[in-house]
Amino acid sequence: MKYVDEFRDGKLARRVAEAIGRAVEPGRTYHYMEFCGGHTHAIFRYGLPDLLPANVRMVHGPGCPVCVLPVGRIDDAIELARRSGVILCSYGDCLRVPGSDRTSLLKARSQGADVRMVYSAADALRIAGENPDREVVFFAIGFETTTPPTAVIIRQAEALGLENFSVFCNHVLTPAAISNILESPQVRELGTVPLDGFVGPAHVSTIIGSRPYEYFAEEYRKPVVIAGFEPLDVLQAILMLVQQSNEGRVEVENEFARAVSREGNLKAQTVVAEVFELRREFEWRGLGVVPYSGLRIKGRYAAFDAERRFAIAFRSGKEHPACECGAILRGMKRPRDCKLFAKACTPDNPLGSCMVSSEGACAAHYTYGRYRETE
Amino acid sequence: MKYVDEFRDGKLARRVAEAIGRAVEPGRTYHYMEFCGGHTHAIFRYGLPDLLPANVRMVHGPGCPVCVLPVGRIDDAIELARRSGVILCSYGDCLRVPGSDRTSLLKARSQGADVRMVYSAADALRIAGENPDREVVFFAIGFETTTPPTAVIIRQAEALGLENFSVFCNHVLTPAAISNILESPQVRELGTVPLDGFVGPAHVSTIIGSRPYEYFAEEYRKPVVIAGFEPLDVLQAILMLVQQSNEGRVEVENEFARAVSREGNLKAQTVVAEVFELRREFEWRGLGVVPYSGLRIKGRYAAFDAERRFAIAFRSGKEHPACECGAILRGMKRPRDCKLFAKACTPDNPLGSCMVSSEGACAAHYTYGRYRETE
Amino acid sequence: MCLAVPAKIERFLDDDQALVSMGGVEKVISLALVEGVELGDYVIVHVGYAINRIDPEEAEKTLALFAQLGADPEAS
Amino acid sequence: MCLAVPAKIERFLDDDQALVSMGGVEKVISLALVEGVELGDYVIVHVGYAINRIDPEEAEKTLALFAQLGADPEAS
Amino acid sequence: MSKKPYIRPLDFKHGCIDLTHGSGGRAMAQLIDELFLKAFDNPLLRQLNDQAAFDVPAGRMVMATDSHVVTPLFFPGGDIGSLAVHGTVNDVAMSGARPLYLAAGFILEEGFPLGDLKRIVESMAAAAEEAGVAIVTGDTKVVEQGKGDGVFINTTGFGVVPPGIDISGNRARPGDRILVNGTLGDHGVAIMSQRENLSFGTGIESDSVALHGLVAAMVETVPNLHCLRDPTRGGLAATLNELAQQSAVGMRIEESSLPLREGVRGACEFLGLDPLYVANEGKLVAICAAEDAEPLLEAMREHPLGREAAIIGEVQEDPNHFVQMQTAFGGMRMVDWISGEQLPRIC
Amino acid sequence: MSKKPYIRPLDFKHGCIDLTHGSGGRAMAQLIDELFLKAFDNPLLRQLNDQAAFDVPAGRMVMATDSHVVTPLFFPGGDIGSLAVHGTVNDVAMSGARPLYLAAGFILEEGFPLGDLKRIVESMAAAAEEAGVAIVTGDTKVVEQGKGDGVFINTTGFGVVPPGIDISGNRARPGDRILVNGTLGDHGVAIMSQRENLSFGTGIESDSVALHGLVAAMVETVPNLHCLRDPTRGGLAATLNELAQQSAVGMRIEESSLPLREGVRGACEFLGLDPLYVANEGKLVAICAAEDAEPLLEAMREHPLGREAAIIGEVQEDPNHFVQMQTAFGGMRMVDWISGEQLPRIC
């Protein structure tokens, strides 16, 4: 597979790993946060920790849209799905996310709700066309990568004059979340969460470009390397971060130049800007309320906004009191620091969102890395 | 079972049979038509022909509401059932009746139509109440016995303010059919169908009383004995007919006095009169168009009339060209006279309506009496 | 035609209904079409509705007629 | 986050769609979010939409960087 | 630790089946562990392989299968679980065999309450225990809501025929006698009494029961038993017609000798049905030589499951293979196959 | 006339299953006659009894059951009919047994096209014929529209284990080698490629096939084979974890030695799935002593169904019974049970 296999080459990996080994300065520890769940997943799935020197530690960030979805929004989606006449369409990722009281869309479906898994946003639109006497709601989640397709189908729904289609919008913004982490007292003032730099998200950046990260480098003095999701990309980005750290540079570098430019995808940005506008604030699981961090559907497309159509109000859901997802998403704790990890909380019975998505730090750790602990 | 077992007593049966044997005059043949499918069924199921003298022959009449339902009305019902959103409720008897092209409600259901079998008319009303977002249509068939319950639920539907309930009315009238048979040229003028008298219907008469038959006795000079449906009732009625024939009497006698009066059930008659009115004509399978032989829902209850609600027009369906149901229902032919009988037409693959209902002459003959032919 | 069975009124229920019994079977039916039915009466039941009361004396008379046929071979 | 795969444009279809291939798999995707894509180009596909074109020269450069690490141990 | 702990035990009070219970992962393993293994426990099942292995002596073996799809799942006198055991045990037993092992395949509908499943599985276990058969291997599939009906259970049984026994549907000969072990139609009426649109009260319970004990007693007395069959779907009528076809004979039965409960007659009157066509799950039809009929009847009556046994008719020559019945009323009629399904009727 | 004629033959062009086909009457008899008996024809099935009777020698026998509920019913490389034969034949074969007989139970949904049923039944018959097993007894039930999903097929298989063979999931020992007979995930990907919301093009066909011939060749070369299992639902990951649990050992496999087709890798990339969790229907995992591994591999490779066989790892001591994998990239990771079901994902 072109552009895939080359970036998973084990032999090259050893070379990059050796280069990192040579680059790190003994006695110094390097803490880098991979913002993105895609990187977290790659790190565990390919066993990268085995290739990294002991003094390079990866901190798993909040970059999984499933993990950061607040419980209240899941509860809203479940309630929507249970309404008679409603077909709720959702990406497979959302089906097992626990809302309050261990319910999930999958459980709601098993109790009779009509929940359909879609692979593409376009499928939701098709389902609406095929079921004119049903209300079809697309439960939209995702970062900047996933937002443009949602914008496209909202415009198409209008063009088609679909009256039974709406979108429950939960799209969120990466830079706002990074700011929030960097603004947190632990990182900014107390230094209790040492962060020496960021591995920047690959696919988000294909849309928004690399420019938005320049602000972080300047304002917070943290190097950023945008990296692809293949394991060699990640290794290379780490090497580049180590080099910046060693040299005292604070720059935005782009390891994923094959798909990311400084400006990003202007066409996609335009579509998004036409359909969505910033929310004053949005709740992130783990991070709490983050200002200007979410999108909502503009008034012009109000007819397709499920929040208005079904009068969905923000509400807070019940999270498990002992769940440490919040601290984990901000890099303050690791999965094994949670008392519930691998005990009450497992991928089969997840208590927190980090255990649901295979990109969640807890799930990745449980599924791929658990053996390390017990050795 | 009181009022059942006593009337199935084999010992008594032999006595009555012997009495008939003694009563019949040698050299004379007695042809009596049992109008009613209930009697046809009893005759075959209990093996009455074995008990009757050879010169007493029973002619099976058109008294099965399933058998006389014209194909076009079945087609209408199937079409109704196939409409999206419609639940069609029907008595079990109607499910297998073939419409045009061998379709049936059962086949329509197997292809996805929502057809529900009900035991009582009241069940249809309950289903309408339970499915407020569906159109529930009750496919009503039957003679005078079955009409009053339909009238009751139409009045109840109005009282309950049900807006999703209607009745596809196919109720027909016994006396009109008897007149039609007696008026037919074969019976009236040519004498090709010898009819020496009628066994009158039991349950129909509980409602309409015995008086309506007095006209036939007077006008057409045919004795009538109203009889219950138990086999002893039938035997006794035959004995009474033989006695009338022998004595040259032409009277309406009532063997079923335990439940039939001269006036009938006035309360039921009143309910029917309030909800239904005569149709100028109605088509009977086998008999053709019979004037004033069917009922329709009065304008006052138009909201509950499926014919108006769904704009159902009379249409004629395709009957199998070789099917002799018509001649059989008028007593002109017997099942074995039909070329299709027990060959192309069997209860598993009925081609005509007489093969569908177990009260149909062909079905009763096939199921219970076929062995006689092959011996 | 018109399958109907004789059943005994066992209990009156709401909504003009009654519990009837017949041959070890109990069923709820409607009395909307009959008048003056009493506990212990037998009614003829069709599609869930009582359509008439059975007159026990008339029934006796009919049965007596059968019996008589046997007792007196000359009856017919 | 944002599972996406590089795929090759094999054929343009109606409605701003294209048939793409990747690792022996063919799939119809939307081109609504990209501009100027040509036959044979590689695009990054996410939830059924091409979200960007892959620049083959930049990809080569990145790969060259890895290779160089091995060839020249002093590179870092 | 030799066993993966399932941190949260299955919630039999509020839990439901979902698709994960059929997808080969830990949820499925947990369902098997905490429900099936526990209820059916036996060394063969504990092998936990994809198949059960057991030693058998040389001889004649039989295999029978039935899928069970009854509505409602719970009915007077049983449930789909006990029925699934009895139905297949009986098909095995109708060869004269001693049933030994059962395989059980479950098809569960998403959303089915775990509590109901537990009740059914435990009822199956109890029925198997009582019948002395072991459920030695199984399978569980889960289908989406609306693609199943709560639970379907397939059981396949395996048994050993004692030497010298040769029971088969093609062995009926003119002159043979036809027997049944008791009242007809109980199961079908018990089921119908619970159906939504029919619901009526009756003391009738399903006769569902394992018959191999009775069969063992019968073949001990009459090793030369010709035919055995359980008149399930289609009732006595279907079974007699099947046997008549298979043996190329006719039959003649006596209505007055058919054992029938009052409630079954009553329900059939109400619904316009014929008890000859109503299903049984604890009845058998036996055909034997005329001279064996009385000893066989006696042997049956001595067994708890044959107290109401009766000789109901005899086999006769008939090129048409018709089944006829002398009615209690005095006439003769045919007893044909059921046409379509038996629907409650008003005419 | 020794046989009731069904006046109208079944209409396989336009006809559909209705409830009468399951109600024990003539319609059911006709379906059995004109479809099942014709397709599966063999003397045991022709006995037409409620069970099949056959003679067996003394020895070790096995029984296995599987219900098949696949969507879509027809897929590249097979259909539910062939799958129902292979699935159970393989479960029997995974004990080293020679499969002899199958019982088949059909649950049909009202409205299912007779033509599709015929295609499925004939595919089953062909698969059975090719596998050399006879379908000797069966059962057919019909459920109402909306209470089934076209057709479900349960098959239960019966086979004989050759003397001296003792294959069981609890016999893996540290140091043993782990082998597979070919490429992984073909079946699951072939199925997914046809699913409504996923449909994608790929040359991948289901690997569905009967494996007992391969197994026979394997046990001939290595009679002391320790474990055999077919990695169906839950894929290779589920099977390795099951065996690790059952044998109380750990395992370690090499990613680079796993045989994988390009199209399977591609589809998994597209859908965010891991091929280790994707189902197979013509694959087996074998575990044997280290010294037997090479001869076994050779024997497998000589068989048409083992050409791409590979040694993929080894058994190791591990109190946690973990399955680990050396990634092709150079790191180590766990291969855990599947969690829930594997859903296509976007993140």
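To keep things simple, chains are lettered A, B, C, D, E and F as they appear, and every chain counts its residues starting from 1.
Please note the rule applied: contacts are C-beta pairs under 8 Å (C-beta built on N, C-alpha and C of every residue); 3 or more make two chains touch, one makes a residue touch a chain.
Treat the numbers as computed from the prediction; the structure is a model and nothing was measured.
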Separation of subunit E from subunit D in steps, with touching chains one step apart: 2
For subunit E and subunit F, chains touching each: A, B
Chain whose mean Cα position lies farthest from subunit D: C
Chain pair that, of all pairs, has the most C-beta pairs in contact: E-F
Reference subunit A; chain at largest CA-centroid distance: C
Whole-Å gap separating subunit B and subunit C, where each centre is the average of the chain's CA atoms: 21
Cα-centroid distance, subunit A relative to subunit C, in whole angstrom: 75
CA centroid of subunit A to CA centroid of subunit B, Å: 71
Centre-of-Cα separation between subunit F and subunit D, whole angstrom: 37
Per-residue overlap in subunit A, given as positions that touch at least 2 other chains: 1, 4, 37-38, 64-65, 91, 106, 119-120, 123, 142, 146, 346, 348, 359
Residue numbers of subunit F (touch at least two other chains): 19-20, 25-27, 262, 265-266, 269, 320, 339-340, 345-347
Residues of subunit D whose C-beta touches two or more other chains: 1-3, 5, 22-23, 46-47
Footprint of subunit F on subunit B - complex, ascending: 106-107, 109-112, 343-344, 346, 348-349
Subunit E partner contacts - residues on subunit F that touch it in the complex: 1-4, 19-20, 22-29, 47-69, 90-92, 94-95, 97, 101, 103-107, 136-139, 141, 143-144, 146-149, 152, 154, 156-159, 161, 168-170, 229-230, 232-235, 238, 242, 245-246, 248, 279, 319-321, 337-342
Residue ranges of subunit B touching subunit E (in the complex, touch as defined): 1, 4, 8-10, 13-14, 17, 37-38, 44-51, 64-66, 91-93, 95-96, 106, 116-120, 123, 142, 146, 231, 346-348, 357-359, 363, 366-371, 374
Residues of subunit E touching subunit B in the complex: 197-198, 256, 262, 265-266, 269, 271, 320, 322, 324, 326-334, 336, 339-340, 343-347
Residue numbers on subunit F that touch subunit B, as the complex places them: 6-8, 16-20, 25-27, 30, 110-111, 145
